[in-house]
Amino acid sequence: MPLRMDRFSAPDASLAVTGLAVARAGIAVLEGVSFALSPGQALVIRGPNGIGKTTLLRTLSGLQPPLAGRIEGAAEAVAYAGHADGLKATLTVAENLSFWAAIHGSAGIGPALAAMNLTALQGRPAGSLSAGQKRRLALARMLVSGRPVWVMDEPTVSLDAGSVALFADAVRAHLARGGAAVMATHIDLGLPGAAVLDLAPFRARPPAEGGLAGRFDNGFDEAFA
Amino acid sequence: MPLRMDRFSAPDASLAVTGLAVARAGIAVLEGVSFALSPGQALVIRGPNGIGKTTLLRTLSGLQPPLAGRIEGAAEAVAYAGHADGLKATLTVAENLSFWAAIHGSAGIGPALAAMNLTALQGRPAGSLSAGQKRRLALARMLVSGRPVWVMDEPTVSLDAGSVALFADAVRAHLARGGAAVMATHIDLGLPGAAVLDLAPFRARPPAEGGLAGRFDNGFDEAFA
Amino acid sequence: MSIWDYANPKKFMQTTDRLLPFVAVPAGLMLAAGLLWGFFLTPDDYRQGATVKLLYIHVPSAMMAINAWGMMLVASLVWLIRRHHVSALAAKAAAPVGLVMTLIALVTGAIWGQPMWGTWWAWDPRLTSFLILFLFYLGYIALWEAVENPDTAADLTSVLCLVGSVFALLSRYAVNFWNQGLHQGASLSLDREQNMADVFWYPLLVCLAGFVLLFLTLVLLRTRTEIRLRRLKALEARERMA
Amino acid sequence: MPELGKYAVEVLSAYGVTLLLLAGIVALSLRRDARVRRLLADQERRMGRVHE
Amino acid sequence: MIALLARDLRLAVRAGGGFGLGLAFFLIVTALVPFGVGPEGGTLARIAPGILWVGALLACLLSLDRIFALDFEDGSLDLLATAPIPLEAVVAVKSLAHWLTTGLPLVLAAPVFGLLLNLPGPGYGALVASLAVGTPALSVIGAFGAALTVGLKRGGLLLSLLVLPLYVPTLIFGAEAVRRGAGGLDFATPLMLLAAITAGALAGLPFAAAAAIRVNLR
Amino acid sequence: MIALLARDLRLAVRAGGGFGLGLAFFLIVTALVPFGVGPEGGTLARIAPGILWVGALLACLLSLDRIFALDFEDGSLDLLATAPIPLEAVVAVKSLAHWLTTGLPLVLAAPVFGLLLNLPGPGYGALVASLAVGTPALSVIGAFGAALTVGLKRGGLLLSLLVLPLYVPTLIFGAEAVRRGAGGLDFATPLMLLAAITAGALAGLPFAAAAAIRVNLR
């Protein structure tokens, strides 16, 4: 793989989470989540639909504040890829990727294009790609972000078997360079070494059973006591 | 399963395709595709990203004209579910589904909600569902369409294992009622009885090698010969 | 041999390749002759003074602006009914030329208006309907530019051209209803003798012919470009497929 | 040069603008034609469809 | 069909205001003009008919891209195109929904805005009548423009460019009717012409719009 | 940062016209008013300053939702919010891109539109000066409104409702400057006030807008 082989400078690739609770639209969905991730490690997040994987990953990326608990590790170290691809239909593949490379101050996009098998498509407008091709482009963005912690929400949706293997290679190379990765998924990613965290046990309990309530509710239950 | 058990009235669930060629943006992507589907059968379409699965399915649904070849079977028999879910974020789950039921003149939405495990969510606005919950709702739409041929593009994207099983049950029930289904997918759908069509051999050849050209090109190669 | 044969790109390219010089050269000659004649060799009008010289550019450009839209309408209909690609591309090729003609008519009219009516612009029906025509050209061109797929673009712009023509006629009528206006009536009719003296009339005819030929030249040239561009797109696509 | 009287500015500017616009559309058309020709020739060569 | 109408109306209401927002925009345009033009009553009264019609037109215009773009983006338009109702009917129903949420409130509230601009007394009848007759044409013409631009990513401004020249005849006859009404003259002729435009647009444009949508979905 | 500006400009151009379309809308508004108001030159000249400013304002307004909504819908805004440039800078750059594609062309083309409305001779300088000084404020204020409504599905009309009142001071001083200019009076005072508004908006609003976006993404 023709990727840069230098290790990451600070901020580094470790991430530790203790007693984290996350909320969606003000309602706690997960609580008591703890894990630690050091450079070179990958964590696969599993759990049924609607348990809160997306919410957890957005919180890790600093897009929303945690309801409770601590996240150690800078949000600036995280590169996030969500359900939406964040592509501009009218820009070409190369233009889309160059933009993110420029924003993150990374050098060339050639290696990332090659790693995701997009070199032949680089002149095409992103809007004319198939679903899987779009996803490959979204993943190539992680490579040019130059950030040590990759946080990805169902990265392999729509990918064919060959592309899943490409993706797994890219993640392995990233880990070998001292990076870390957190990925939510329902299917096998082809990363046997990764730790797995099943979120089912952390489903937030209703406040009546001792679960966390939103901040407002705390002062509120008393008011109506 | 509490689904209606009546067989489909006309138009019926058979679909036959001979020598079909399909084009995307005027460029042939597949050619020479032939298959026949009779009531009770399911066909799984496979092939790498960008081969033309989505294009083929849209053509089968009558959303775009074929470049060449014949499709026997009425477009009116087909219910289509694409990559996009077609949900309205501000309507509730029940409202979304009732709308499609009304458009297709079907009766209640209760059985469809139950089949896709959405009954508990029916009062929620669709915009507040997680990715997998949205997909379940999109699939429930097939059940209320009352149409005999289901054409689905990667139906199980974002679904957890339990939901994939629910979906497989729904498809089996549909087949048992005399319906048919065509599904494009990269992963296992849990439908062992289904026929599989790999599209790789049908990739359109360039016109130089005898492949089909767009209509415009026909008079055109000569002009620049 | 029927006229539809020329809708075949091959036939069209071959024919126009030979034809183009025979249109372009007379266009240049007529235009030069008419404009020079009009500018240097005609007398001033006793009322309008030297501004009468604007006649030789204003009237031909105004007529071509309308005729170009008419040609686009015909070409769009041919595309919609017979699906001849060359026809759609010819309509596309004509639009910028029509736009420029409209612009020339507007600008020269405005310049003429200052001495004649004491204002650059008045909401006269003729002027107003030209402004609307200008907008239609802009919208038509913008729609061609905005659509990626050429066949889709051809279909959409053809529909726009049809609907637009109906509404352009309607506007013309509405505008008349709304304001009686300052502008000259049509004097270019067959019984022209009351309206215009021969000294103005003959150079005007030459200019008219020049503008028509220039329009033809440009449309043929631009259609050839569009066909090549279309060809280029198709080849690029094939290359990607291979 | 004919005597244009007090309308010299109007007449000359109108002729000027017209010639400018006409020359503009002609030049644009020619330039675009040349560019497309060149691109097409490149493309045909690249795809090995050489001809005279 | 009724389900589609109900859905579109419900969506408009849920989208935060529905009825209210078209009105609010109309209000703001009519309120901004005095700020721009200055407050003398005479000038305002003279331009009131025109400004009211231009305001109505812009309020319509601003909500046009809602007609199809959202349904296109989330895939619903694909599904509607394959549904058992003809696409022409879909266009017609969606235009109707647009009119009910934008045009109708304008018709009902127009007298109030006339007041803001010092519209002379006899003009109110003409204002309401002309808006009632003319705004359906605005919605249908707008639906046609929206259908043309539906495939294009945020064709908002292109849509305006395409639609506004098509609006000119409606605007002329509408404003003329109000002007005549405000001057105490007979305004039957422009009103009849307005009605003719509306009838023609209603009869023809849904077909053109449906054709455009089919092309755009291809 | 420059990459972001280049991207936004490129997107605006690719979206079919970019620079052209804002202008086209301005043209159409100024052209529609005479259709509504009637063709007499005197009335038109009197209302020209106000209408020109209202037209510029509406042309700006119509393209506002392009500033953030598209980036929100396709997920880019999430990514920009986690990128190594501050969100305040993102807002500022995006406002700048909006001004370059909308405000600047208006400034340059305004004299032509003045012609259409019979703007009296001395008003042209004031028109160009006031638009040049005032339109940046329109873009920044608009970006703030767009930031407030970015989470809401198609908040287009809500956006107009929020933004238009914020535009009123700019409109008043801008139109006043042109009116004074057209009347041959000194227009330095309204121009200074306009400049003050622009400076204040540029200094403060990017922060408010960035905060609003952060809340909306949560």
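Per-chain residue numbering starts at 1, and chain names A, B, C, D, E and F are given in the order in which the chains are listed.
What we mean here is this: a residue touches a chain if its C-beta (ideal position, glycine included) is under 8 Å from a C-beta of that chain, and two chains touch if they have at least 3 such contacts.
Bear in mind the structure is a predicted one, so any value in this text is a computation, not a measurement.
Counting steps between touching chains, the shortest path from subunit C to subunit F takes 1. Chain centre most remote from that of subunit B: D (centre = mean of CA atoms).
Two copies of one sequence, subunit E and subunit F, touch each other mainly through matching residues, since over half of the numbers at the interface are common to both. Here the spacing of subunit D and subunit F, counted between their Cα centres, is 35 Å.
Centroids of subunit C and subunit E (each the mean of its C-alpha atoms) stand 32 Å apart.
Averaging Cα coordinates per chain places subunit C and subunit D 16 Å apart. Centre-to-centre separation between subunit A and subunit C, using Cα means, comes to 57 Å. Across the assembly, subunit D contributes residues 44 that each touch 2 or more other chains. Shown for subunit B are the residues in touch with two or more other chains, namely 25, 83, 90, 224. Residue numbers of subunit F whose C-beta contacts span two or more other chains: 15-17, 21, 24, 28, 35, 38, 73, 153. Only residues 24-25, 47-50, 54, 83, 128-133, 136, 154, 157-163, 186-187 of subunit B touch subunit A when the two sit together in their complex. Residues of subunit C that touch subunit E in their complex: 132, 135-136, 138-139, 142-143, 146-147, 152, 155-156, 159-160, 162-164, 167-168, 170-171, 173-175, 177-178.
Considering their complex, residues 58, 61-65, 75-76, 78-80, 82-88, 90-91, 95, 98-100, 102-105, 141 of subunit A touch subunit F. Against subunit F, in their complex, subunit E makes its touches with residues 15-17, 21-22, 24-25, 28-29, 32-33, 35-38, 43, 46-47, 49-51, 53-54, 57-58, 62-63, 65-66, 70, 73, 152-158, 160-161, 164-165, 167-168, 171-172, 175, 179. The touching residues of subunit F, counted against subunit A in their complex, run 2-4, 7, 10-11, 14-15, 73-76, 78-85, 217-218.
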